[in-house]
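Sharing a structure here in structure tokens format.
Naming follows writing order (A, B, C, D, E, F, G, H, I and J), and every chain is counted from residue 1.
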Amino acid sequence: MKKSGLLNPDLCYAIARLGHTDTWAVADCGLPIPEHVEIIDLALVFGIPTFEQVLNALKPEVVVEGAVIAEGAPERIREMVDTDVEVVTHEELKAQLAECAFVIRTGETTAYANVIFKSGVAF
Amino acid sequence: MKKSGLLNPDLCYAIARLGHTDTWAVADCGLPIPEHVEIIDLALVFGIPTFEQVLNALKPEVVVEGAVIAEGAPERIREMVDTDVEVVTHEELKAQLAECAFVIRTGETTAYANVIFKSGVAF
Amino acid sequence: MKKSGLLNPDLCYAIARLGHTDTWAVADCGLPIPEHVEIIDLALVFGIPTFEQVLNALKPEVVVEGAVIAEGAPERIREMVDTDVEVVTHEELKAQLAECAFVIRTGETTAYANVIFKSGVAF
Amino acid sequence: MKKSGLLNPDLCYAIARLGHTDTWAVADCGLPIPEHVEIIDLALVFGIPTFEQVLNALKPEVVVEGAVIAEGAPERIREMVDTDVEVVTHEELKAQLAECAFVIRTGETTAYANVIFKSGVAF
Amino acid sequence: MKKSGLLNPDLCYAIARLGHTDTWAVADCGLPIPEHVEIIDLALVFGIPTFEQVLNALKPEVVVEGAVIAEGAPERIREMVDTDVEVVTHEELKAQLAECAFVIRTGETTAYANVIFKSGVAF
Amino acid sequence: MKKSGLLNPDLCYAIARLGHTDTWAVADCGLPIPEHVEIIDLALVFGIPTFEQVLNALKPEVVVEGAVIAEGAPERIREMVDTDVEVVTHEELKAQLAECAFVIRTGETTAYANVIFKSGVAF
Amino acid sequence: MKKSGLLNPDLCYAIARLGHTDTWAVADCGLPIPEHVEIIDLALVFGIPTFEQVLNALKPEVVVEGAVIAEGAPERIREMVDTDVEVVTHEELKAQLAECAFVIRTGETTAYANVIFKSGVAF
Amino acid sequence: MKKSGLLNPDLCYAIARLGHTDTWAVADCGLPIPEHVEIIDLALVFGIPTFEQVLNALKPEVVVEGAVIAEGAPERIREMVDTDVEVVTHEELKAQLAECAFVIRTGETTAYANVIFKSGVAF
Amino acid sequence: MKKSGLLNPDLCYAIARLGHTDTWAVADCGLPIPEHVEIIDLALVFGIPTFEQVLNALKPEVVVEGAVIAEGAPERIREMVDTDVEVVTHEELKAQLAECAFVIRTGETTAYANVIFKSGVAF
Amino acid sequence: MKKSGLLNPDLCYAIARLGHTDTWAVADCGLPIPEHVEIIDLALVFGIPTFEQVLNALKPEVVVEGAVIAEGAPERIREMVDTDVEVVTHEELKAQLAECAFVIRTGETTAYANVIFKSGVAF
């Protein structure tokens, strides 16, 4: 079986499919996600898994060169994002969501715990 | 949105589809699952989510009237299962897995943390 | 099997998929529903199930923060909706129907017994 | 729209597809239904719709020439079936279920409220 | 099997799916039908079945509140349509065809034997 | 459009796909047809189209080298079949039906109006 | 099997689906065909089958009331088309190709051997 | 576009998928082909394309290490097959057909012009 | 099996489907590829296979009449492209990518190693 | 995009789906692969990519606890497999291939360069 790292097949596929500048998001469990955007739904119940658990699982495996976060997002969430962060209105974030390659739905119940990441390039 | 309880759409669907005596399982992240059996894969990385988190999320929403566990399963796992438990060989458990309506894959890394539940009836 | 609450798998899935501000509707059996909108068709014959039965089944399981109803809708229907209700023309209601995540078709034969609900957020 | 009778499209399709001797069933909400058998799921919550409501909706539209019921089925259910009724073990009923063209799942919570009907011929 | 009335499963499904104001059509065998519109093709050879046979099969089962016919349509066809009939150019009829829920293709070889029906409501 | 002959696309496809010794059937509207066998359903209502209309539409376009008919089939049906006819029990006919490439369902209401044709070869 | 005429099932289906004024094309093996247009690809190698073989196979089975050909098309190709022919630029032909119900790809290697046919009506 | 050789996309795909000892066939237009076997149907009308044209198109692109032909096959067909040829009954050939990766249907009308080829290995 | 040349079935299919002026691309492993464009993903790990290996595999099998490359592309990549090359901005290249029939993803990690080829015609 | 390691989405998915004792294979480009087994086809042309390149790409990411190789396999291939190796007949290897979760097809042209790996468990 897989030796380490991400275990979720859909997530492993989606990440391997990313190209430079493609965007993807980690979302709380209440974010409205446009119908055409692929959802990788890991949400079990409120709080499981947390935004942080999902982000920490992804950080070692992806290259990012920027992130977008909504104005209401708490500092706790913002600090987890160790790349340039652009703060936009919640409406603007929802608009950019429609361009995402996929959205990972967590069980997070912190309001506005939604971050869109912009893929960097690994070479 | 959903007020409480299970958030995962595939899981909510699968449970609502269960009939009396239908079986389903909660598995660690390494259990080999027959190709024809539906897998609801919540595994993120090793340990997330745990077997216990998933089982506790399900208990309030399902009626069970028995469970099957493999000989190697640790007592910690067995104690979580508050219904009659039949202990079988690991091979027998894998054979019964093929009859399951679905298997929930967790991030659990406790060996033999695999339990097959037999649906009870709610009336 | 499922212990309580909604039994319909499609309905359980659709509700678990809702995000904050997503809309969905409960409709009488004659409402024209745009082809691209998912229909969860529980209609058996005229009157079965009623609008009220379906709404009462849903209320305990969803968070709503508003509703839209057409001008012709009878008071009896309106009173069932215990959230802010905006009254629009029947044409406007049909236009908003096109944005719904899903429509539950009942057997209701009360004219204009169609309500669009706006999802609230559970945290 | 449809002038009268059955409103459910899946149900209307399934009935129109029946041939002489084909079997179909009306089931309570807890019956385990083999994966390969088509399920027309009208179940909303416990008790809605009832076995009787569904059967009465179907009687005017289908020709039957026999029925099979399980030993435990209450007299109330049996009396609704106005054709020759063969009583079998619950196991035998479940075996015959696998041959059904489709099963209509109701919200019925009366134990053993499951009847398999054998199609007659209309000419 | 089905006791009476329409026997074609696709047709039974399509009619049960109609809502108030939805449109559908009965067409001769030569009408060009837009690719995205569902075709229920009952045409066998020229003349079988006729426009009249199909319309008479449908009349007892549907509620209509209007019809649209092309200018060239012969009186014989028009008389079969016992509801308000609007006469439009053949081009306009073809345009409205694109909005139809479905088109029933007959074997009719009478030129312009195409009628679009507007669903009424049964309550 | 097509100049003459069969108009039904599914039927035209199915016939063009036939090879020597492949079997196909023309059936009355009540014949039970195994789920895995392709059904080309031309049935509108009882009697439309008739067995004879369908058979006459097919005769000019196919090569047959034999037919199978059930014991109960009326002489009228048998006379339409101008090739060697083997008479079998109704059960045997239903068994052979499972091997058919396709079955054309007519509106015929003559009991046992079911004939299985064995394709000949056109060279 | 089929007695005579066109043998290709996809082609038989496509032609039976044509309505009056629908267009379709016979193309050489190098014509760029828009992704959304159905391709019936009979091309084996350069020259097999020829444009002429395909056109001659189709002529007995279809009604056409016009054709469109590109300026560069050789006289040899044009003469095969025994109906009114409109000559357009190659760009215009490619634009009209996008409206075709289907395109038959031959092995023809004569430049500009592409003709769009407009269906006539058979009654 | 493709510079030379086989032009048919399905055929190019099927050949690239072949492994050592996999079997495939070139058939006349009347061979009955089991439903589960992929058919690459190049048949236009009787005689187009011929068995020889198809075989000659394939020979330069595939490695074969044997062939199977039915007793009735004419010498003309057999001579085209420049590899070891095993002659079997027509029934045996049809049985082996069920194991083929794919069957290419030609327009050939020579009786028994059916050859099953066994893939060799190119290294 | 296939005697020589390209082995990848998807690639063999895609090339056989190309028409004159259709475009396709060979890309490094980081190029963002629009969701609607077919991706033939041969990337294993960084550097395997290289851009050059893929291009050399394709050159003998396709006819091209031009190429488009982004400004940043290194000379090494440009020299491999033995046809007229148009240099555009990286944004323009990404825009043209959306019109490609397919994109072959290599393991190349040379920045801007992306070339869009325009199909020529082989006759 | 992905930071390192395997780039192929299908391969990343397939590995993440493996459970303990599940088997998978790396094959040369000529191995016959049963139709029901998933093929991840990385083969470009003979020799690209090599068996070794693919195996080296996988080793860091998977846990194996055994391998099966055919008698004819050269020592060079066997040495690359740093786990217990069972040598079986080529027929036995092909039989076990049918149980594999997936087969990675390389461009390898070394005869018998086919190894089936048995997944270990990572905890």
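Note that in this section a contact is a pair of C-beta atoms (placed from the backbone, for glycine too) under 8 Å apart; a residue touches a chain by one contact, two chains touch by 3 or more.
All figures in this text were calculated on a predicted structure; none of them were measured in a lab.
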item	value
Shared interface partners, meaning chains that touch chain F and chain H	G
Both-way neighbours, i.e. chains that touch chain C and touch chain A	B
Pair joined by the larger number of C-beta contacts - B-D, E-F	E-F
Rotation angle superposing chain I onto its copy chain J by C-alpha atoms, nearest 5 degrees	180
Longest centre-to-centre distance from chain F, chain (CA-based)	A
Chain B and chain C, separation of their C-alpha mean positions in angstrom	33
Intercentroid distance (Cα basis), chain H paired with chain B, Å	50
For chain D paired with chain I, centre-to-centre distance based on mean C-alpha positions, whole Å	58
Multi-partner residues of chain C (each touching 2 or more other chains)	1, 4-11, 17-20, 22, 29-30, 46, 119, 121-122
Each pair of chains that touches, named by its two labels	A-B, A-C, A-I, A-J, B-C, B-D, B-J, C-D, C-E, D-E, D-F, E-F, E-G, F-G, F-H, G-H, G-I, H-I, H-J, I-J
Residue numbers on chain H that touch chain J, as the complex places them	17-22, 101, 119, 121-123
Residues on chain D engaged by chain B in the complex (per definition of touch)	28-33, 35, 39, 46, 109-111
Residue ranges of chain C in contact with chain D within the complex	1, 4-11, 29-30, 41-46, 48-49, 53-54, 57, 105, 107
Complex interface listing, chain J residues touching chain A	1-20, 22, 60-63, 119-122
